[in-house]
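Following are the structures in question.
In what comes next, chain A is part of two complexes: it sits with chain B in the first one and with chain C in the second one.
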Partner chain A sequence: MERFKIEIAKDFNDKLGGRWIKLGPFSGELFYNEVLKEKYQSAMQENEKLHIYLDGTKGYGSSFLDQSFGELSREFGVEEVYKTLIFHSKYFSNSISYIVEEIWGKR
Partner chain B sequence: MGKKITFYALYVITMLLCVIFSRFLYEKSWFSVLTVSKELVPFDVFSLIVSSILTFWLAWFITKRLTEQRYEKEYLISDLKIIEEDINKIEDSTTEDESIELQKLLNNLNRLYSNITRFSKTMDAFEVQNFEVQPLRKCYNRLFTLLTDVDGEYLLINDVNRHEINQLCSEFVLTARKMVFEINKR
Partner chain C sequence: MRIIKLPISFLLQHNHIKSTVTVLKEVTSTKDKFIAIDFSNLRDITKGDWIVFAAQIEKSVIFNRNVFFRKGAFPCLKLIHKMFKLKDNKVFHQNHKITSLEINEAEKERLVNPTLIDTIVKELTKIGIKEYYSPFNVFLTELIGNAVEHGIREKNINWWLTHEIDRNTRSIKYTFVDMGKGIIESHKQAGLPLKYWFLGAKYVVLDSLHGRLGSSTKLTNRGRGLPELQKMINSGYFSNIVLITNTISLHFNNGEYVATKNPNFVGTYYSWTIDFNNFQKWKDSR
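And then the complex of A and B:
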């Protein structure tokens, strides 16, 4: 049973925007502020993993990924975030690779 | 080209020298010391049958293997051509307008990534050795970053990033073509 999870398409939106709140809806900044950060902190407090489900959306831009998952690693540290988050996706393995390899620098 | 002509010229000269030398030996009756037995023994028949069977089997095996290799190469090359077409479509979409919706770019990039993954899995299925798909993935990541690093919902195209996009797409296409040449040479 996953106590802490985010299904981005259901918990946020299926059509995602760019980087900043002021420049468009459903941005990475909004996702980080309203969904990701809070859930991450809750999972950390309970010493649990946070499961992220990527499927169901229309795709992820690099700016969205950087302003959400990148910002999370900048605030809380790459190692901690890398240990805590577990990604699930059938259709967006490229986005997962991008986050882990390009944004977090884990190769 | 020059090397090929030299090779063929040497080949012809060598054959001519062999013919002339054989003729010389014949004139000097050197071949008269050689005798050929005209008696046929059962072992000769058996040996002839076995040699024939082996020759046919070898010819069949080599032809089959060459045909299989040809099919594998054709599949891989056609996958790479599809990847090249996807890259060209993405590049063309950035030359048409001055702003492109992020979602449209993501649709095209997702398709491109799927085709790269398909190519990679086909390579695994054919057990192709010593061949890296990583250069394609690196090019993809660079293009993905350039095209989707947008602050809002649209990618704005100007002369600076249009040039960068063109250059990146060219490198991507060249990487795919190098793979085509490499596969064809195997």
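And then the complex of A and C:
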């Protein structure tokens, strides 16, 4: 049973914005501040994985991904974040590769 | 009064770019307050090119307080129909002056607006692409996001987007113009690495697209947006890419860019098409 999970389309929004809160609604920064960071910290405290479900949204811009998952790694360290997060997606494997390889540098 | 005569072909394509950009530059840089536009020579124009012209006129009116007139007759009906494409006439535009330090919530809703972007993507159903085309959502979010973010820094957000639907070829041609400084000028202002002063302006744009230059913000986690768009272009998710910024125009052809020089275009212009082949390539890659 997944104790800690985020379904981005359901828990945040299915239409995603740009990088910063100042640029408009449903930004990567807002997602990080209001959803991702808190769930991550909760999962870490319990020594559990955090499951991220990407399907159901209209698409992921690189700016959104960097300001959310990138910011998470910058605040908590790439290695810890890489160990803790598990991504699930049928349609956005490219976005997962982008996060892991380009943003986190794990090739 | 300054008279600006439009050329026979007012087109931001191929060998017409130089003459067209020359006219665009004249609109914003003339010292005369009163400007008359002469359409008498004009024989070919598209809706996207007309929108870019309208964008320059708007900029000229707002910043230089120019007053525009028409000299002589209107363009012929056939050209007017091309310029305005009355049946599918959608133009998306944002011109927003930032006067206060904080942008309020109501204003933010209108900046990078995911609902608006979603609406534009869904227009692809008009050429039979029924499944949601995610790469296009990502493409638009990045283009508009860049225009808005740089616009906030310059205290003026100004971009235009339009499309031309061709039901015969089942394709849509898009034109997007960001009326900011342009890619080259933004990097120059931020401080260009020395090598580009020797390599030339073309490499500023090419290296931005391929992730070799980084961001004009100088932050190490930035400058990845354009390269991600470039990957989608390389994968064939979009066709007929034209990018014009400052003194460089690029056409993407057979997997590489062909670069030409032109007079300074203050801003960044993109045009591209989407058709069923593009969509199928994306579907096949999943």
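Operating definition for what follows: the second predicted complex is superposed on the first by the 107 of 107 C-alpha atoms of A that agree within 3 Å, B and C clash if a C-alpha of one lies under 4 Å from a C-alpha of the other, contacts with A are read in each partner's own complex, and residues count from 1 in each chain.
Following the convention adopted for this analysis, a contact is a pair of C-beta atoms (placed from the backbone, for glycine too) under 8 Å apart; a residue touches a chain by one contact, two chains touch by 3 or more.
In this text, all values refer to a predicted model and were calculated from it rather than measured experimentally.
Q: Clash or fit: how do chain B and chain C relate after the overlay on chain A?
A: The answer is clash.
Q: Touching A:R74 in the superposition: chain B (first), chain C (second), both, neither?
A: second
Q: Have a look at where A:Y60 lands relative to chain B and chain C in the superposition and call it first, second, both or neither.
A: both
Q: State whether chain B or chain C is in contact with more residues of chain A in the superposed arrangement.
A: Here the partner covering more residues of chain A is C.
Q: After superposition on the shared chain, which partner residues are touched by A:G17: those of chain B (first), chain C (second), both, or neither?
A: After superposition on chain A, A:G17 lies in contact with both partners, chain B and chain C.
Q: Give one of first, second, both or neither to describe whether A:Y82 is in contact with chain B, with chain C, with both, or with none.
A: It touches nothing on chain B or chain C.
Q: Report for A:E102: first if it touches chain B alone, second if chain C alone, otherwise both or neither.
A: After superposition on chain A, A:E102 lies in contact with both partners, chain B and chain C.
Q: Which of these chain C stretches, 81-89, 171-179 or 189-197, gets into chain B when the structures are overlaid?
A: 171-179
Q: What part of chain A is shared between its chain B contacts and its chain C contacts?
A: 15, 17-20, 23-25, 27, 58-64, 66, 91, 93, 98, 102
Q: Note which residues of chain A are touching chain C in the complex, please.
A: Within the complex, chain A touches chain C at residues 13, 15-27, 58-64, 66, 70, 74, 91-93, 98, 102-103.
Q: Inside the complex, what are the residues of chain C that reach chain A?
A: Those residues of chain C that touch chain A are 103, 108-115, 117-118, 121, 132, 134-135, 137-138, 141-142, 144-145, 148-149, 152, 221-222, 224-225, 228, 286.
Q: Under the touch definition given earlier, write down the residues of chain B that touch chain A in their complex.
A: Residues 102-103, 105-107, 109-110, 113, 117, 137, 140-141, 144-145, 148-153 of chain B touch chain A in their complex.
Q: For a test of understanding, state which residues of chain A touch chain B in their complex under the given definition.
A: Listed in rising order, the residues are 15, 17-20, 23-25, 27, 58-64, 66, 91, 93-94, 97-98, 101-102.
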